[in-house]
């Protein structure tokens, strides 16, 4: 298990005519946090796609929308990674709004669970997670 | 209950560097089908937002990605609407690829379940589904 | 020269918090029309990327936004292709709104000029337009 | 005149099947930089839309694409604002890639010129730039 947070600012591109963030765009925010978590572990996806030739494909996803995010909001997207079998990672993720007031707790806007499979960059067939990534997933676990 | 299908073509804008449709963009396809289903029942969301002042907000969503869609693919997005309580609609949706070969069955690429709440366009507070929409939801049900 | 039009419907995904289509999304509509023009000439970009291994990259673009498009609008995107040298195509494009009233002329929302280069799918180096495409570009020209 | 730069990271959401950033998405990056420039001058667009009820609409745009950006790239988007008449701002913008090597100059990927009009948030009719914004535009000018 490994926990991580990434800040996201809401821009015009993210909003829709309802004045709030378009529901599909929260998935972009979730993915940015997963990518930055991977980078914080020392891995670039561009590099992993070349060697050892793997990319990560979302297999399934559950998201609960609780409160809408709006233009100019500062969000914090968290991401807790768990290995699931030899070829997948399960992420528990949360999108919260940073509240300007000092000491006010962040408001949860959305919660998601995302299962990501490790696949061959060419064939999209499942591949075992590389051991260095498995180690990164297991390492921070307290015991 | 009410069933409906809507064709979607995959363009460059929908794909990502992995050569397949970006995972968040399937949610756009799902929403197009829901919007067109609503239109097929005689309702424009632009008009509903003015009078009686309602919009539809996704409350939660589950999606299972089975096979990737690619550039130029012709997809068929289905949408089966069920009323859920007085202020929400539950959609069972499926994204399939039309296979060129005559009489080949369409391949299922993704399956989703989407709960949509009817909310006030200004306050985002829950509102009862208008009766004409409730009727449209119930009407096609065989019994 | 070759002229062509393609219908586009505006969905929630296209709009922004200002209640109108987000300015970058008009470029998606322009690209759909160019892709469909190419398809109408008998070419799929997926196939061209494989053999002869070319893709089309936008080199420069000018767009003038005249009136905003809104949710549910039915647009018509036109595209007039001109060859420009041996390795590029220049498109004159227009986005118009179809007006429901019988015999009302379509309203021009945006006008664009887009220069697209033919490049190698792997290296992104310029490549000559294949002769079958050159022919398609020249063929419909009246003289 | 006023100059400003904003960093942008390239994520999967930004790329397309050609393995590079989709051409419309550069316009999102340009807009983020303009928004952050405005914020750096002390103005939130959410607030300006409420009081004095103005939003900024792009009137026309010219962009030249020189080199493609790719997944994981770190970009720097600059933005130089000039007042143009009483109701518009003209931005000269540049997107560059930060090169990892120490002391290597950033590579220019795209250059754009964007004219943005100040319009009424409700009617989209042109409005004079508020004087505090005019002052911010003029202030940094050396003379």
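A, B, C and D are the chain letters, set down in written order, and residue numbers restart from 1 in every chain.
We take it that a residue touches a chain if its C-beta (ideal position, glycine included) is under 8 Å from a C-beta of that chain, and two chains touch if they have at least 3 such contacts.
The structure displayed is predicted, hence computed values, not measured ones.
S.K.: Quick one: point me to the chain whose Cα centre is farthest from that of subunit C.
M.R.: Between subunit C and the rest, the longest centre separation is with A.
S.K.: Matching over half of the contact pairs by residue number, can you pick out the copy of the A-D interface from B-D, B-C or A-B?
M.R.: B-C
S.K.: More C-beta pairs touching across which pair, A-C or C-D?
M.R.: C-D
S.K.: Report the inter-chain centroid distance for subunit C and subunit D in whole angstrom, where each centroid is the mean of the CA atoms.
M.R.: 24
S.K.: Just curious, how far off is subunit C from subunit B if you go by their C-alpha centres, in Å?
M.R.: Roughly 27 Å, centre to centre.
S.K.: Report the inter-centroid distance (CA atoms only) between subunit A and subunit C in whole Å.
M.R.: Comparing mean C-alpha positions, subunit C is 34 Å from subunit A.
S.K.: Among the residues of subunit B, pick out those that touch two or more other chains and give their numbers.
M.R.: If we look for residues of subunit B contacting two or more partner chains, we find 12-13, 18, 20, 24, 28, 31, 70-71.
S.K.: For subunit C, which residues are in contact with subunit D within the complex?
M.R.: Interface residues on the subunit C side: 18, 20, 23-25, 27-28, 31, 49, 55, 57-65, 68, 121, 124.
S.K.: Taking the touch rule as given, give the residues of subunit D at its contact with subunit A in the complex, in rising order.
M.R.: 9, 11-13, 28, 31-32, 35, 44-46, 70-72
S.K.: Can you list the subunit B residues touching subunit D in their complex?
M.R.: It is residues 12-13, 15-20, 22, 24, 70-71 of subunit B that touch subunit D.
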